[in-house]
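Think of it as A, B and C in the order they're written, each chain with its own count starting at 1.
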């Protein structure tokens, strides 16, 4: 309790540079701002663990727009909103029409009259998701400026074509707690590597998010994929630049084994090559069902050349003294469990299964922290008042 | 703040004749009762603007039944419920069976055990929506009378085949604020006119709602449509009667230009002719897919004769000194934006776009006011207590 | 009020043996525990009737998983959660993948980070629903034990292949209130009988739940069905054992008339024979559409031999002095109303219609009581504090 009070006071003393700004990509934010989110998320978790309510809204909506399926993030968003007193209202586009610029502008305002937060997942099309979020943001700016909206709702990126910040930040908080501190992450090697999967079309945002974030927090990042399976080039270059600026290492290799060598952390996860995603985006736009089928077929055939890109006992022996943290954003394609041949062997996954659940468990708090940082000038002061008040979340 | 306190006191002194009664059509209510809703809605907006919570329910459900698609009204209903502390529970009929009288009676009770408000949209079939709401209301009366329900939930019409009172009342509050007072609306001319749209089957409830309401608030109403595109005759006659009783004018003309002449307000919006809606209702009942396709085709061909019924720069010059307020319930069919040829030209819509957003922004408060007026004997007294309490909606 | 205070104190003095345990089947619980639920449910109803809030959660989710359609139970679950301050988040499996053991384990944890209650309906497959709930429970145990979850959410069975405890317990509370006390139920005869319906595939859980519960509360149970329409044999045997242990009677007869003879309560309701449900389960697993169609056809033909199994005026004369309570879980198949020939004649159903609504009205409170008993060591003490506080549910 004394510790918690100290941590609240520490946060309350800091300037919140995230106030009233959307959270779209971690690389739009300074390191200090990201650490602010980590601290705030941890405090929200601490409050809940000692059964003190963090309800700071008496009413208000948190609107979610999922343009792709989701379970994990959907429940994390709902939990985060509920934790702060906001009510989730899902915007089901099948019951509406968002087509061109004009209608985005309009819909953005129509769902926002009494809305504090909008969470958006739009990860299907390269070049689209991030752009869509910016357009929604511009529309909200316009609406707020002209008195349409009594407040400018904050936008939280729940996964776009470029970044998946609620995932990568939850991963970072997991790493911080797992290794004891951010300080302890310095010099650690993380292998963000492609892995084989019998499916295709998986987004690039997780690996892009990981290399863009971990290079800034003292870690050496080894990005591994088969030739041709590259990410958005600009974001690979950015990771390299991050590494230079932060005195960490960033390398791209074409062997899982090479990436695993002496790694402290491995993150084996499948994705579709950038070029495939580009073709897919074109075909989807043109509603070319035949073309999509052909692309899927050729892509799966291509993937099949790399079934040995599996995280297994053998490869794990290459890592730091054979001791390593396995990470995954879940669900993983587990060989012999969820598919015949997948990203990870059953024995390795089973060894780390509960740890990946713990990793996932940080997401609701990260999202709640992003919400608070967006809505409150001084979230630390708010937490201070809530601590003072000491209202129990569950009556005792 | 002093003003707000005065306005609360003024409301608290009035008798609430709307208490415990459903809100199905504006013409079921007296002018005084409608003004009461406007005042209450404005107060709720004022409270939110100064960050004072209007949560007057600690628990309770607001059930929504959407028998047609909706974004705007869905979010308005959810926002209104949340503003007062009610939780929205959507009744998805695809997961249930409402077929004949018996089952309406039953379902109405089954969803109402702990429910305070039921909002219903049922605008697809002529002669059905309003009837359905009455049947639900009768079932709730019976259930409450016989001890099935601990309370009699109030029903709010979220659009039926006859009226769209949350829309027309939001429009009226917009007009009141735009022109400064209800007094200032006296003698203003409003052109409620049909406009061309490349779609068919749009409900009649908005124009019917507008002519039924505005004729009672001092405005001269000019209803314009191509020959044959008339509304429910009884409701046209009622508007004429309203005009006679309130010393306003009501005319039906068959030229957009004529309606626009010297108008202070124009409301150009497409709808399907009454006779088409009647045929459509029959075909839908008989599940006659062929017949529906044929009807749509002939109806669109018929519409195509009237593409010049577009609200454009030229026609706007005919209005009061070329200065006029453009209104729309949104979304509008905008020429060159959402369709090739539509209800309104791009330049006109763009000029009034943000104003139409502000118009839409009154709907959550109108709905919340209808909820409060239904549930509380004296909403003004409740607001007085909430003001006294002064709990912030968002913690500060 | 004095009475209410006494009843609260009486409950507060009792040990809550249901704390932290899932509620899957009534026969897993002692008679005392079931009476505890009845008392708690009644208190929650009493609180609401005098407008005192029972909100004991300031935040928290109640997750619902409906693997089959539902209106009644869906709204009851939502109402119960809302009554206590929990927010419902529906887990829509069409937007996720729950397939094999592995994924149940994972999903159970992923939806539970900030979740207090999980309600599950899974009644489609014999041998599956109950098993599924146990698997979810095991996964939650594991997650809680290893620090994945800050709390172990409680599971409430909203209908499985074996029991429908929220229904049977609501029925029991209805009986208790209808006849004045549990004591008064002693020696009463209840006829749980199959009835004709033009549909097939109706679950066995209601009749199984009724014979498993009522044999323990002093009632003599006559289970009637046409030869071959038996329930899960183990559960029929258990009902017989219950009867022996509780000095009540349990018989199986093959005539509705025999069951109705001198009955105080009749519960005529259709179900599919156990053997058909077994075949259906196999066919559904194999996705054998042809086989399912053939089974439905033969089953409906088989049912058609028993159209005289209808609860009508004639048969009701056989009951206790012609005075009897008719019960149904709703919706009933009513001859001439919801179908040509069904479970009950129109005149009989109409006589008891409102009474069946009152019966259904206990379900929200039963579910809320199960939630409280699971989450609070001493729900009576919590209610005592809420009574003391006396906050109104709806402001006055």
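Just so it is clear, contacts are C-beta pairs under 8 Å (C-beta built on N, C-alpha and C of every residue); 3 or more make two chains touch, one makes a residue touch a chain.
Worth saying up front: this structure is predicted, and the values here are computed from it rather than measured.
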Set of chains whose contacts include both chain B and chain A: C
Copies chain C and chain B - interface residue numbers shared by over half, same or different: different
Whole-Å separation of chain centres (CA-atom averages), chain B against chain C: 41
Sequence positions of chain B contacting 2 or more other chains: 87
Residues of chain A defined as touching chain B within the complex: 56-61, 63, 87, 89, 91, 95-97, 99-100, 102-103, 106-107, 109-111, 113-116, 142-143, 146-150, 375-376, 382, 385-386
Touching residues (chain side chain C, partner chain B) in the complex: 48-49, 53-55, 69-72, 74-76, 78-79, 82-85, 87-88, 330-331, 334, 337-338, 353-354, 357-358, 360-361, 363-364, 391-395
